[in-house]
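Here chain A shows up in two complexes: once beside chain B, once beside chain C.
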Partner chain A sequence: MPQLNLSDFYTLLPAFVLTGWASMLLVLDLFIPRGSKGLTAFLAAVGLGLTLGITLVQAGSSSLGFNGMVVLDGFSVFLNALLLVSGLLGIALAYGYVRRMGLERGEYYTLMLFSVVGMMLMVQAADLIVVFIALELLSIPLYVLAAFNNRSPESEEAGLKYFLLGAFSTGFVVYGIALVFGAAGSTSLYGIVAAAASGAPTLLLSIGAALILVGFGFKVAAVPFHMWTPDVYQGAPTAVTAFMSSGAKIAGFAALLRVFAVAFPSLTADLTPVLAALAALTMIVGNLIAVSQNNIKRLLAYSSIAHAGYILMAFVPYGNPQVMPVSVAAGLFYLVAYAVTNFGAWGVVIALEKEDGKGLEISDYAGLFWKNRPLAIAMTIFLLSLIGFPPTIGMVGKFYLFRAVIDGGFVWLAIVGVLTSLVSAYYYLRVVVTMFMQEGEPQAASEFWLNFTWGLTALVTVIVSFVPQLLFEWASNAVLRLF
Partner chain B sequence: MEFLSQPLTLLTFFPLVGVLALAFIPGERKNLLRWTALGTSLVVFALSLWVLSMFDASNPSLQLGKPLPWIYVAGWNIHYHLGIDGLSILLVLLTGFLTPISILSTWTAVEERVKDFMMFFLLLEVGMMGVFLAQDLFLFYIFWEFTLVPMYFLIGIWGGPRRIYAAVKFFLYTMAGSILMLLAILFVAIKAGTFSVPGLITQLPELYASGVIDPQTQIWLFLAFTAAFAIKVPMWPLHSWLPDAHVEAPTAGSVILAGVLLKMGTYGFLRFNIPLFPQAAVQLAPWLALFATIGIIYGAAVSYAQSDVKKLVAYSSVSHLGFVMLGMFALNEQGIEGAILQMINHGLSTGALFLLIGMIYEQTHTREIKVYGGLWKITPIFGTIMLIASLSSMGLPGLNGFVGEFTILLGAFGAGLDGGAFQPMGGVWWASISAFGVIMAAVYILYMFQKMFLGPTGSIVEEVKHHGHPLRDLNWREILTVLPLLIFIFWIGLYPKPFFDLMAPTVKALVAALPLVP
Partner chain C sequence: MVPTNFYITLSAILFATGAMGVLVRRNPLIIFMSVELMLNAANLAFVAFASQHGSLDGQIFVFFVMTVAAAEVAVGLALIVQIFKSKHSINVDEVNSLKG
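Coming up: the complex of A and B.
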């Protein structure tokens, strides 16, 4: 009988604390009167802040817990911190939005917390079974959140669509896990790599890995598994979309990276071309379809697909031990850049969305610069960052990504990357053109936490591009535990 | 904070002080806004003169700046490094000089959203200075891309009827080239382990010699940089964004676009393509000369066919920049010196032409050549200044254009002789055909001048009188705007030696490093 001791709990302490807090909040919320659900939001934020503190204390330690089921390493600390900050930003965006839209119910925040717990567990998972549990834990609250606006058929549709396709993709993951188990006789990532080294059947292992890739492809919205994304992003309440598009992507990529880099380095020859093709296809399709969008939520949805392609690109040389550290660091840096920029951009969308769901067409942004300069400037910064244009964090991130790809010897992929960035400039600029060069009378909501979020993210987007040293260091030190 | 104490940092970022000041001035106080912007740009010009006074012309290497570590992590070696040498000093001065002139030209031309206009304009100056001073590829790339943003807004917000189309086209065209350069920058930096330009110049020859970068790859890298710079120049056949951008841009935008932004392309060739990829430069020089020659003739021919005077001047830029490209890829001292001088000349004469066209357009609101005529009688000062600018642009001896074009042609003929860069392909043909371009310039310029200023009075004169605003001659502010340009047009035309002296040692060192048989 395996022994459990305190160090096992320490490995997973942030997730435990947040789970406890969320459960407590669920009960506590019953006693908070309907009109003052702001208190729930506040308490949820406190929980996230507390967990963030614990996570930062864990920085520098590295351990396995629960008999190798979960792992704590630089990689997990970095991403846990990023996920918790995303959760905080998600609450800041939601706070005024749910009130304005008449969606203010305490479960909103509890569900978010549970989803964050799932994401954190995903980041720390060192066993395919834990990966599966984490996937369910992060997804199910998101299905509910997507359908949170139950008076709107679009929101219901988004929830249902996300649920059905998500369940379908989870099926792929489970089937893949089963095949990998069949081949390796273990679901532990470290066990799999040992089994692969001692002659586990490669074909079965490859098929299993490919199926897992399909499942995560759904989660991170990589082409051709992206079909759900625009509808769900458009239908879900915008604050949910903002959280989902960053958080779920971070968790999905974390799992993808850990599972592939730790468990399947032996399959490089088979998987690298697949990853490269997936990345190229995602960048091309995401960016090309975005060109014809007129709705800002759909535009950002396709942009989010395209960015999945860019991040995926960093992982293509994962099997090359010399490039792998750079590639992981570049991926992490870009995830931060994307999360910051993305929250900001969605914040602006939320500011302009009206109670009746209007204000979401690009034409509704006409003349924004002349009505509300800070908001338009912030949006321009976010869009430039998404293009990868200086002086923004997105530019530094792309620089880093392309470097990893070229370092790994995939110059053609880098060329696809830059050419699709050019395409993306076209549709992002359309929004800029509308804001600056057309006449209109847009009305933007001004709520403290909303303004705080887009203001802060805009500042970070610009400032970090001038002094990226610290973030670079964190990202390069966030190493994977490989044994 | 050590970087703050460098003179070049001050020069580059001083306009930000103006931007900050403008941000606190209310939008309706238009004159205060204009004076603030003008004052800031004059301080920047003074700073550029201060830099000139500290510049040692006899020293061919980079001066007045020291590399400071900026981003240092796992194989990244990025420095904050601004420096100046003979290749960039004149362009820095030109930038400092043209910006206040352009701002002065907007005094009555820009009445709407003055505050934002001035802010974008000063931001543009930061970008331009940075491009000419950055000596680290990462830093350079940031400045290079950044210049697009303010220019995009200047065209897109204050431009003519098709401004949005022109602005987006300008942005996308330029970006298309830049991103290919980005990949080449990363490739070179990964192989050499540094982004520093002087560092690369010393390290790349070893990589070439040891075969880490083979000759074929060197050509690809050269072409990737060329993509960025040739679009900016613009070299035929990549010029199609230029007429649109010029025609739609407000006058001040056109002046800066023609005067400085295009020079960023030719400067890029000098600073990066030639010293970093010398074998490829020598190998491809005849091809670039071919394209340059086509550009010279094509630009001149298309200019002649224009009915819009601003478009005529825009296409003449294609022709003039063709000369710069031809001189530069002659890869000898005369050619390159002529090319640098011609960059300045083009900034002065084309800048003057755009200013003058802007001044008349403010009164008539049309640029159709055929509605003008006989203007010299009505506006003698305007006519005289226009004549000088036109003659300078077509290369009349005694004015600046002649000195530049003549030196370039000398260089190009030299490159066609034995051991010259053009020898393997075409030899002296390129210079011979290009010389014909000078004659064609006379044709389109004089055609324009004759139609607009001589002959019977054009219909527009009656029309504006009918609307109660009869044509007036230039006022003191307008004369003051173009006068400094005229001074330099004569100065360079009559006594160009001080200008050549500033660049000669650096150019000499640049040419000496090329693998050409002397």
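Coming up: the complex of A and C.
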């Protein structure tokens, strides 16, 4: 009979603490009067901060817990910290937004905390059962959050679409796991790799892996599984979109990387071309469709699809043991760069959004520079970072990514990446030109936490680009536990 | 004893039926039933493989899938009811204010 001891609980301590905190907050919120839900936001942020502290204490340890169901390693600590910071930024963005839009309800913050727990569990999962549970735990609160504005038909529609396609993709993941289990006789990632080495049926394993890839492709919005993304990102309340476009993507990529690198290194020959094709397709389609968008939320949605393609590039050389550590580090660096820039850009969108979905067309940004210089300059920094233009963190991230892909022998993929970045410059710069060169009377909301968020992320975007070594070293130390 | 292959073939047919249902049906309730069919196809495969391997992991997974599916239903039906209240229709072709 397997025994549990304290070290098992230590591996999952951040998730335990946050789950307990969120459950407590759910009850406590009942006693917080309607007008002062800011207190709930504050308590949720305290919970995230506490968990972040525990996560940072865990840095440097590496262990398996619960009979190999979950794993604690440098990779999980790095991503858990990033997810918790994303949660904090998500609350900072939501704090004023939900009040202004008349959506202020305590469940918002509790649901966010539960979703973060799911993401953290996903990063630590070492067994496909846990991957599945974590996937649902992160998704179900997001379905509710997407439909949170129940007075707006668009928000409801976004919730329904996200829900139906999310459930559909779950079906693929579960069936893929079933086939992998059939081939390997185990759902543990370490058990699968052992079974594959001792002659498990490769065909069944490959089909299973491909179905899992399809399911996660939906989650991270890779082409051709991206159809839901623009609608959901546009319809959902903007603060939710900001959170889910970063958090869900980080968690999805983390699980994808761990599952493929740990469990399926034997399938490299079959899966690498598929991943390369997915990455190239995602970059091309995402960037090309973004060109014709006039709504800033849809524009950023297609931009997030395109960035899923760039991050996927880091996965392409996953089976090559020489390149893998560098490409994983480049992928992690890019996830940080994307999360920071993305939160900033959505923060600016939130500042300019009016009630009933007004203020979201690119033309509404006309003349922003002359009305509100700091905001326009911050937006310019974020857009330059999304293009990959110096001096921003996005440029450094793309540099590391392209270098890793070229080291892995995929020069054509790097060329596709550079060319699509050039295309993306067109539509991002269109927004910049509108802000600086056209006349208009945009009114931006000025709320302390909102200004704090876009100000801080703009500073980080620029400053880290001058000292990228530090962050890249952290990312390089965030290694996967492979056995 | 029925060979495992038969079960897997049946589960593949069920899964394909479910996936087709999601793609062609226009009523969210039916789409949702099709998703359940996909999940149950996976459950069938899990149980068949579990008995083939003599390992309980697959059967335990089935319990997790059933539980999670129930949680999904709770959220999904709530969303559908909410949409029906505001639109008096749940046909997905009429829920189309977002496009471009």
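The rule is simple: the second predicted complex is superposed on the first by the 483 of 483 C-alpha atoms of A that agree within 3 Å, B and C clash if a C-alpha of one lies under 4 Å from a C-alpha of the other, contacts with A are read in each partner's own complex, and residues count from 1 in each chain.
Criterion: a residue touches a chain if its C-beta (ideal position, glycine included) is under 8 Å from a C-beta of that chain, and two chains touch if they have at least 3 such contacts.
Note that this is a predicted model, so its numbers are computed, not measured.
When the two structures are aligned on the shared chain, A:S63 is found in touch with neither chain B nor chain C. Contact with chain C, but none with chain B, is seen for A:E136 once the two complexes are overlaid on the shared chain. When the two structures are aligned on the shared chain, A:G159 is found in touch with chain C, with no touch to chain B. Contact with chain B, but none with chain C, is seen for A:L419 once the two complexes are overlaid on the shared chain.
Residue contacts after overlaying the shared chain place A:R298 against chain C, while chain B stays out of touching range. Of the two partner chains, chain B is the only one that A:L384 touches; chain C does not reach it.
Partner contacting the larger number of chain A residues, of chain B and chain C: C. In the superposition on chain A, A:M437 contacts chain B only, with no contact to chain C. Residues 129, 132-133, 136, 140, 143-144, 147, 150, 153-154, 156-161, 163-164, 167-168, 170-172, 174-175, 177-179, 181-182, 185-187, 230-231, 234-235, 293-295, 298 of chain A are the ones that touch chain C when the two sit in their complex. Against chain B, in their complex, chain A makes its touches with residues 325-326, 329, 370, 384, 389-391, 395, 399, 402-403, 406-407, 411, 414-415, 418-419, 421-422, 425-426, 429, 433, 436-437, 468-469, 472-473, 476.
If you check the complex, the residues on chain B that touch chain A are 70-76, 113, 138, 141-143, 145-146, 148-149, 152-153, 156-157, 163-164, 167-168, 171-172, 175-176, 179-180, 182-183, 186-187, 189-190.
Chain contact summary for the complex, chain C toward chain A: residues 8, 11, 15, 18-19, 22, 28, 31-32, 35, 38-39, 41-43, 45-46, 48-50, 52-53, 55, 57-58, 60-61, 64-65, 68, 71-72, 75-76, 79-80, 82-83, 86-87, 92, 95-100.
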